[in-house]
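The next part holds the structures, each set out as structure tokens.
Note that chain A is present in both complexes that follow, paired respectively with chain B and with chain C.
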Partner chain A sequence: MTTNQSERAAIKDFIMREFLPGEDPAELEADTPLITGGILDSISTVKLVAFLEDRFGVRFQAHEMNVDYLNTISKIVHTIESKQG
Partner chain B sequence: MGQSVNTKESARVFATEERETERSLHAAGFLSEVRANGSKFLAVALQLGLLLLVMHAYQVEQSFGLLYLTPLIFAGFIINALLPLRYRLPFFLLLSLAAIGVVLGLKQGLGLIAVGLGLIGLCHLPVSFKVRVVLLLSAGAFLAGLRGGWIETSWASLPTLVLPVLGAMFMFRLAIYLYDLRHEKRPASLWERLSYFFMLPNICFLLFPVVDYQTFRRTYYDSEAAPIYQKGVLWMFRGVVHLLLYRLIYYHLIPNPLEVASLGGVVQSMLTTYLLYLRISGQFHMIIGIMCLFGFNLPETHHLYFLASSFNDYWRRINIYWKDFMMKLFYYPSLMQLRRWGMTAALVGATLVVFFGTWILHSYQWFWLRGTFPLTAPDALFWGILGGFVVVNSLYEARRTRKRVVKKKAWSVREAAILSLKTVGMFSFICVLWSLWSSPSVAEWVALVSKAGNSGASAFGLLLLALAALVGVGVLIQYATSRGWSFTATGSNPSFRRSALVTSVGTLVLLVGGLPQVHEQVGGPAQALVTSLQQEQLNRQDELQAEQGYYEGLLNVENYTLALMRTRVGGTMPAPADWLGLGEIGATRKTGDLQGYDLRPMLDVEFKRARFRTNRWGMRDQDYEKGKPENTYRIALLGSSHVMGSGVADEETFQWILEDRLNHESQRSRFDAYEVLNFAVGGHGLHQQVTLSEKRVFQFGPDAVVYVLHPGDLDRIVSRLAATLTENPALEDPSLLALLQQAEVFPGMKASQTKQRLHPFRQDLIKWGFGKIAALCKEHNVIPALAFMPLVGWEFEEQEIAQLRELARTERFVLLDLREVYQSHDYQALRVAAWDGHPNPLGHRLVADRLYQELLRNEALLGLGLSAEQDSMLTSP
Partner chain C sequence: MSAMTLHDLLEHSARRRPDHVAVEDPERSVKISYHDLDRLAERVKERLIQAGVRPGDRVGLYGHKSIGTVVSLFGILKAGAAYVPVDPDAPPTRNAFIFQNCAVRAILVETALAGNLRAAFNEQPLSAPTPLHFLTAYGVELELLQTAAAEETNVTEPAEHLAYILYTSGSTGKPKGVIHTHSSALSFVDWCSATFEPTEEDRFSSHAPFHFDLSILDLYVPLKHGATLVLIGEELGKQPLRLAPVIAEERISVWYSTPSILRLLVEYGKMETFDYSALRMVHFAGEVFPVKQLRALKACWPHPRYFNLYGPTETNVCTYYELPSEIPEDRTVPFPIGQTCENDRTKVMDEHDRAVPPGEEGELYVSGGSVMQGYWNLPERTAAAFYRDASDTRWYRTGDIVREGDQGNYLFLGRRDRMVKRRGYRVELGEIEVALYRHPAVTEAAVIALPDEESGVQIKAFLNWTDSTRPSLIRLKQFCVDNLPLYMIPDRFAFLPSLPKTSTDKIDYQELKELD
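What follows is the complex of A and B.
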């Protein structure tokens, strides 16, 4: 498993566990819209960001809490990778 | 310092995304689009044409100037769709700027654009971000000074017309723009930047959804064009439906708060007050629909907000753009700052910041649109209570995960019942809270709610039963939905065909149903209902309130801007800046007694663009001696602005014409001359006519006193007396004092409270007033008469006229019936101006003719002596 894949898996696991308990993991794909699709609201976005900061040792800024950075698992991975340099 | 996303990397991603967008856009270039989607464009154009016809037939938001824009929208849509992509944004901008000129006029339009460009320019000055913020705040403060009237300007329409529109365009968007500019990853084109501020529909809709700058850019032709256009017409159609439903409620279902007397009335009042929000959602659907026609694939602004099942759900569904704006500029920045104190404290703190900000920003918005900065107790309570519940709800959600689903869940009675119960409970709670927010004061809201106490336990039981039935209906709907039924015409993501079908059928039904040939066939209440829905007007309560606001403005210069913008925002044509009240041009003076104010003597001024003179006695009339000349018949005319002649020149008033006619056409009269003395003063009510009669009228020796009454006077008598009593006048009349005591009304009390308390005593007040005038007439051997004169576009109701007649007969008034005076004429042709319903010169001529006929008809009773043959029939009062 590459770093990228392990990041994806960890993020997906967190989202499934926290926001979609009991749902079929196959329904959540890398490009499933999280914010515009109604899976993440403000509170869950905050929870997700707290998790990402803890798990990956990065720090988010207020203006990054939106669809441009967090709308899909792919975007989240990309955001984290670019923060990690 | 937090890490932000690597800029280089971001630029790469966005460049890729942009290329993808470009590809899809170019794939959708003109020729290929015509080849691939020609029939779809034609279908959208056809639906749009039909929809615009419906909007004209039903005068949809006519007072906001929307109908001026329909040709621009239709032609603009066609041209925009046919243009190559790179020309579309510049075209949209030009169209939007042209719309500003069409609606505001060239001078005001250019002024608005110039100030707007200046503000955008400040955002881009090559100085530090902080300096730009300071400069923008300074510019904002200067404009606010102009808007609030603290800084004077010789350009009269700048603060009252240009700045409200400028405010609507810039008051929130400038903040978002500046915020995004700071974090901008992909530079925007000039067209994008300017189009964001001067969006086409904004010129008509001052209350505008707070469109996010990033969303505005991101969604521009972000998918195939034809479905975006189709979404646009569908949403515009939804907007029309919301706006017509709003009219239905506003004209026919909302009760007069003063007449609410039981639990049923309280429930009806609360429910309909909340449902009036349909106007906002209707306007927002219309706005986003128009934007979609030009390729801005913006998301929905409201999502089934009547079906919210929790406080957070409600906050997320109603005015979604506002919620997003507050999240972006207040919630996340506060939360990130506060989270060092723990997540719970951060959530509570950030949510409170959002609701406090929402409260203040609503007043800030009110300031730009209407010129005052209200901070009222109902406002504070509404946002405080809602914010408090959202905090609790957020903490609950933060601890217990709110379940989301990506696939439909299996049906469960228990879950359906819980959801239904929560939805009905939430709806009921918001109805109550909304009625508090909409009340002028907490005391008035408490007075309204306390009316429910007049009902027995059975009424409360019935209400609970109705709510339980609603819960049951909710469960049934969920069950049916789980079995594949759909209760919406289009669903959340309709196909092009289904959307087009719904829009076409809906617009055709409205269009055909609105044809006079069709609804005249139906006749009866249905015809009256359709006719009312086709007109944009104020309902009866608001007509009275608008007049009240106007009359309050007579004595209070500061109220003018408020009154003007109330007119602008409230739904009638905007009055120009020089359309001032009597008080504002200094034509009135306070009297200190129950009359309140009168006209200054020897005036020669311009009032509503007409010459306005008063004689040495303060009458809007030519000069008369106080003593009546030998062998002269004098009529004293009492009334308000319609009799005084608001908006017409001195010699155009019906009083002037009538006097001329009496003197020229009565060759065989037994009198040498007739004089009609105009004692009318704009804004005067019955108590003022009584005071005027006691103090002045009979000094002039009239033979007859004619008091002119209008539709709505039964209510107006109460509101005007309430307004006078706030001035704490000297009260001398024992019978009036007794009446006020009985109603528990005291001088100096708030007008709204006085109105509430006096309302049940309306008939007694009229009896008192009519009795006083009749007694004074009897004492001076004068004939009392009442003239029933309609307002332009507002006829007497049968019940109202029956009540007035009954009271008048008791006091032996001669009745002069002018009710049909305007009936065979187009009301619009009789108004002094589109924004002012007083009769114009033609209207006054009609009234003079009709009054002359009525005087002839009642000649014997009045002792006019107009024909020698009738001398023998003269009777004493």
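What follows is the complex of A and C.
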């Protein structure tokens, strides 16, 4: 598994476990809208960021906690990768 | 000076302190003086009058928080009309319903949102609005739309002296409009002056969106006193990491919000790194503040005075409680909602409109200057919401169960009905059910609220699902986004072959709670 794939899997696992318990994992795709789709609200978004910071050793800037950076798993992976350089 | 209208407050301050900053928008790095705010609001008023707006009309306000929306709101008031602010992030069909429900004569809408609003109007029985003008103010572009709703709707509501209508969740599935007059709003504003003694040097936060009743204190108390209002945009207001430094850098001296965001600030805001020495007062309202998190907040912000303000949208604030400077370590029960505001009267009654003995529980009734006129065009709902005593005084039935405790302080015990507070917003569980019933595969829907350590309350929906395939939660959440404001979307869903019933064949909510 490449880094990218394992990152995706870890993020997906977290979202499934915390915010979509009982959902069929196949339904959560890389481009499923999380914030605009009603899956993440403001509290769950900060929880997700706390998890990402912890798991990937990155820091999120305050202005990144929004739809542009976090709305899909793809965007989240992209944001993390750009931080890891 | 005695103001007769809310815009008198602005006009007085504009004469007294023309060059002082009235409103600041830190996100767009713009500010406006009292003189300019008053002048621009005059210009909006003229445009509205040209568009046919007359005293007693309603004008919709549909935009994110900005200096442009503050200017618009005062322009509407100056035209003698009432403003009807809506949640810019709610489904456009809900907002179109609201505008048609109170038959607005015109709508001021952020240009970016205008297309969706017009499309939503097409789904309603009335004509689509016509665009007339663009206004650009301090980085925000607004469009003025004229509607035919006032001609096409049968309005029976006496509309004189109205200041604003705030729509709240309705148990029948449709939001209902709470009407406040200039006099009911000013009664509350004047009470704030007497109680909190604001000064010209104060810098007030404007955290609540304008469709939320907390905004009444934010908007009018600082402008009455020639102080400065600092706008916190809707997105910024939800993001603790960004918000924490803004409160410090903007030297906010009076903060007002729901407990929800204060809890997030404490947990995620990294507040220990900022200087909050300007802060002298913290007000919170809208829901219960758990003592554990309140204690954590006081550890971050030890020096301000703290007030718990209580009151449904229908009454403005009607009771208040100042927290002791130290919270005892063994305290776990939430603080009282406190004593009756000096401009109102309250009493505790049983279900037969009889006063209960002091110290016993009952429903809180409120009468006085700050109480609403009624619900827009809902005479029966309005009549049911009030109890008239022998001297024909109107008492608003809050639906909140309270008990009078020590020193005449009321303790909030719970609700009579199916309304819950979520992030300070009123949520009628019935409105969520009505939205869920719109889904083609749902044959039965029941929604309950469960206490939750972290978020205060968790909303769980039970559905009887006709399709043989298991529903996707993700698609169900998307369906909710299209039909409900975000704060009403259930946290969890459960699917049952049939919902439990009572002996009278009604949904058995008690059993659903036990199922959980």
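Simple rule for what comes next: the second predicted complex is superposed on the first by the 85 of 85 C-alpha atoms of A that agree within 3 Å, B and C clash if a C-alpha of one lies under 4 Å from a C-alpha of the other, contacts with A are read in each partner's own complex, and residues count from 1 in each chain.
Just so it is clear, a contact is a pair of C-beta atoms (placed from the backbone, for glycine too) under 8 Å apart; a residue touches a chain by one contact, two chains touch by 3 or more.
Keep in mind that this is a model prediction, so the values were computed, not measured.
K.L.:
Could you tell me if A:Leu28 is touching chain B, chain C, both of them or neither one (first, second, both, neither)?
P.N.:
A:Leu28 contacts both chain B and chain C.
K.L.:
With both complexes overlaid on chain A, does A:Val58 touch chain B (first), chain C (second), both or neither?
P.N.:
first
K.L.:
Could you say whether A:Ser82 touches chain B, chain C, both of them, or neither, answering first, second, both or neither?
P.N.:
A:Ser82 sits against chain B, while chain C stays out of touch.
K.L.:
Contact-wise, after the overlay, does A:Thr72 reach chain B, chain C, both or neither (first, second, both, neither)?
P.N.:
So A:Thr72 meets neither chain B nor chain C here.
K.L.:
Does chain A have more residues touched by chain B or by chain C?
P.N.:
B
K.L.:
Output check: A:Glu18 vs chain B and chain C. Expected answer is one of first, second, both, neither. What do you get?
P.N.:
first
K.L.:
Intersection of chain A residues contacting chain B with those contacting chain C?
P.N.:
Correct list for chain A: 20-24, 27-28, 32, 36-39, 41-43, 46, 50, 60, 62-63, 65-66.
K.L.:
In the complex, go through chain A and note every residue touching chain B.
P.N.:
18-24, 27-28, 32, 36-39, 41-44, 46-47, 50, 58-69, 78-79, 81-83, 85
K.L.:
Spell out the part of chain B that touches chain A in their complex, as residue ranges.
P.N.:
Listed in rising order, the residues are 1-6, 9-10, 13, 179, 182-183, 185, 214, 218, 299, 312, 316, 327-328, 331-333, 335-336, 339, 343, 346-347, 394, 397-398, 401-407.
K.L.:
Under the definition above, what is the set of chain C residues touching chain A in their complex?
P.N.:
Chain C residues touching chain A: 235, 238-242, 245, 260, 264, 267-268, 423, 454-455, 470, 472-475, 477-478, 480-481, 486-487, 489, 492-493.
K.L.:
Under the stated contact criterion, what part of chain A meets chain C in this complex?
P.N.:
20-24, 27-28, 32-33, 36-39, 41-43, 46, 50, 60, 62-63, 65-66
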